[in-house]
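Single-structure report; data block below.
Chain naming follows the written order as A, B, C and D, and within any one chain the residues start at number 1.
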């Protein structure tokens, strides 16, 4: 865990309000694992006051890491206006990564921007002997990001859109049962509603999965107990007990 | 190098920069950033007699230059605090101050007794922002009489110096500090958070699971600073000042207003290095102004 | 077009967006930006019995997301108010509310009597944040008894609806609102500014000429909103909500929390068009959510 | 008085931390007079909360006006980072301008950044029959701005520096008596300390002057009574009774 100035070396707009940033920060890039995040102070002003968390999208393991983010409010808006060369105040890597399980199939389920931590996970799953299938659900075709990179990396990809503008029409959770199989390892990230439905279906099938959650963070390092979610034996902190949780542990 | 040491009653702090209860856990979480022994003191997160699950989430909401929290005193309770937390503190070479919270005077007393002989603890901070269940749930800290009673009992129950942490949700902070002073407190901490609310206009409900929470951060600094100044001018009790301190300048304002030490709270979240940077900025200010000791700038504002 | 009209006792406001006393002068200064008749009401700057020079400068200091002011009720006094100010108001086609401030109950009563027959004034707002010189200078607004007394006397002295403007520097805002309600006030305004301080660490003195001042602006919004919500849940008196309202979203939060109308204060300085933009944003919100009247979103937060 | 988005069309750094901005804003440019100011909201964030006032440095009377500013804190720092093309939220022109008096000599006295409103004033004095002499005092040579433009405009110029690095060594107020003459019209802007000393000397010589003052503003339009300075019969507002005052009226 480091606090440092990461140099923004590349900023790409993937769509209106959606960006990929590449940062130079060896300390973070070397140790980041899929599912972990960085916590960025977008402004030295007191508004917005808190850091903004972003999953590590990928890391070259040596010098650079990337994030994928969507402009939601003031914080991401300020971040999106930064130009290459900017030094960005960054704490990371933070949180518990995905545990790579030796399933016969790696079933990776992404909802919207939830693809970010999973992209990094899939980079690592590539080196494993089992095939990886990504179920990628978005509202509409324009919200599909990084598909070329995903395809190029050899991931098997099934797309779902709410409006049928690409892939299968419908929600990824409507079809997920078709892809589950005994012994598969399931990893998911997306809106809370999706995670809930998904977890229910996964558990009904006698399986379990790892899910990455989001929440409003305070400290980002486990000190404030502000970011908790309900787990069976009380509350767990998203920032350091998560963001990746075993679906078994969570209570919805 | 100017002398940063300060004295609060019988407590000696290597410097006046401490961290506020509930914002620094039990000292472990920030070890990745710096050695917590560099701090003047650490105020540990509140402990209660019984384990508390805390409030339902969401527990945090950001506001203009502020943060509302409703953690709800989540903690493992006294027994596990003694068994599990206290051993973790061993390596930290600074003044460690436990913070106790209760819903009855008796709970405070039991906590104070149990923690008195606890190795490593140098003092107790008494969080009086909690509802007094015997008085219909009105916070102890909003009545001088209740503050007097709790303080007296805790002082009697413990050999450790007692620091009373006052709530700012009062009309007259001076009378609250007076009550603590008269009842034998070694110092007062000023201030806890301001009761606050945020609403989600789409769901038409409070954002926090607990509806209201406590506002902290730079937004409250001007009010907290006023309270420190008022108390410093009207009492003789040492003050640990806090509320929105982000920088060395903020810390110096509190010291000049009359605080003998200051605590960094929400700023830890924004800049995990804030406390050590504040120590450095304080040192630089003293040097630039040819002071040999930080004590020369404490309580110098008249106005 | 949703209906924006609201009712506060016998007062009818064309919309719930008003401007706060002391931040809008007597309505002239913002005419360059828009027609003040577009506002639901204008709360005029406080008037006192005698002319007041106001506090020595500096009178303003900016803080994180806030502003401290110590204007000190500078105003021309009752006589010149009647002679010079009232005629200026003639062209403004909205509800005009004078704000009165005094240091004794008798001063409030004299002001209320003199302003009662004043053409053009629809109501009186009673600023109880002033020191009561007969009670050692403690602010009227920090004691339910004093609020009750002032309110009763002013209500008796004037035929106009009386709105009591409460100070937030209290432990229990609900009991203050209760006192105003019982004493016959038509509404309460929540909140005035928070007593605050800023220090210049170079001069080692308070920045403001008057040392302390009142904190306003977005910084205080979460506390003000909490107070509005508490009062709305525990009383039946209409509330004019204020404290850091900058945008339509802020205004809607206050309405949902229980305010019947809202006032824009410090935001006027930041964005002179804020009040009219808020009216527009409110309208858009109502339309988007298929409300036919703003009254449907007032006091809807339970939590 | 207008509230509008002024387009930044040129941003020049004159020295480290000192900038001239040119804005396109016909409404303001057409009506601005020397001594008036614009009030700029540098950020849509709540920090800094208030607008920042800057004297109009010059106006072409039709479309464009300029400001000269120094980075002092967060507000001016944010302003200095704006790039041409930026739309800047601007209220103006505000305040009372200089009253051009028919003196036999126009004696213009600038301390540091105080040169900004006086520059505009001198543009207008040029069209008058009487000569203009600028006494321009700064800390050191590097703090002299716009000298070329001033010289090109035909203004007679006497420079003073505290350290003697340019012009006469010393403070402009040390020498001002040498330049005052009966019937001259005096205009000044600079640090409060300079204004005080200057006013005293001017009055001692039986003359008067117009001075432009600065203060922390709240509303900028006369509503809040926050920006007052002491005058003989009470307090006057810098934002609308000033910023230009007759020295006779002020009480120091």
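Definition applied: a residue touches a chain if its C-beta (ideal position, glycine included) is under 8 Å from a C-beta of that chain, and two chains touch if they have at least 3 such contacts.
None of these values were measured; they are calculated from a predicted model.
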Chain-chain pair with the highest tally of contacting C-beta pairs: B-C
Between chain B and chain D, centroid-to-centroid distance (C-alpha), Å: 47
Euclidean distance of C-alpha centroids - chain A vs chain D, Å: 53
Averaged-CA centre spacing for the pair chain C and chain B, given as whole angstrom: 33
Rounded Å distance between chain C and chain D, as computed from the means of their C-alpha atoms: 36
Residues of chain A touching at least two other chains: 46-48
Where chain B touches two or more other chains, by residue: 64-66, 217-219
Touch-based graph of the chains, sorted into line, ring, star, complete or other: complete
Interfacial residue positions of chain D with respect to chain C in the complex: 1-3, 41, 46-51, 89, 91, 215-230, 234-235, 240
Complex contacts: residues of chain A adjacent to chain D: 43, 45-48, 74
Chain B-facing residues of chain D, complex: 46-47
Residue ranges of chain C touching chain B (in the complex, touch as defined): 63-66, 68, 138, 142, 169-172, 194-199, 201, 204-206, 211-212, 215, 217-223, 225-226, 229, 244, 249, 252-253, 256-257, 285, 297, 300-303
Interfacial residue positions of chain C with respect to chain D in the complex: 22-25, 29-30, 32-33, 45, 53-54, 56-62, 64-67, 69, 71, 74, 217-219, 246, 266, 268-273
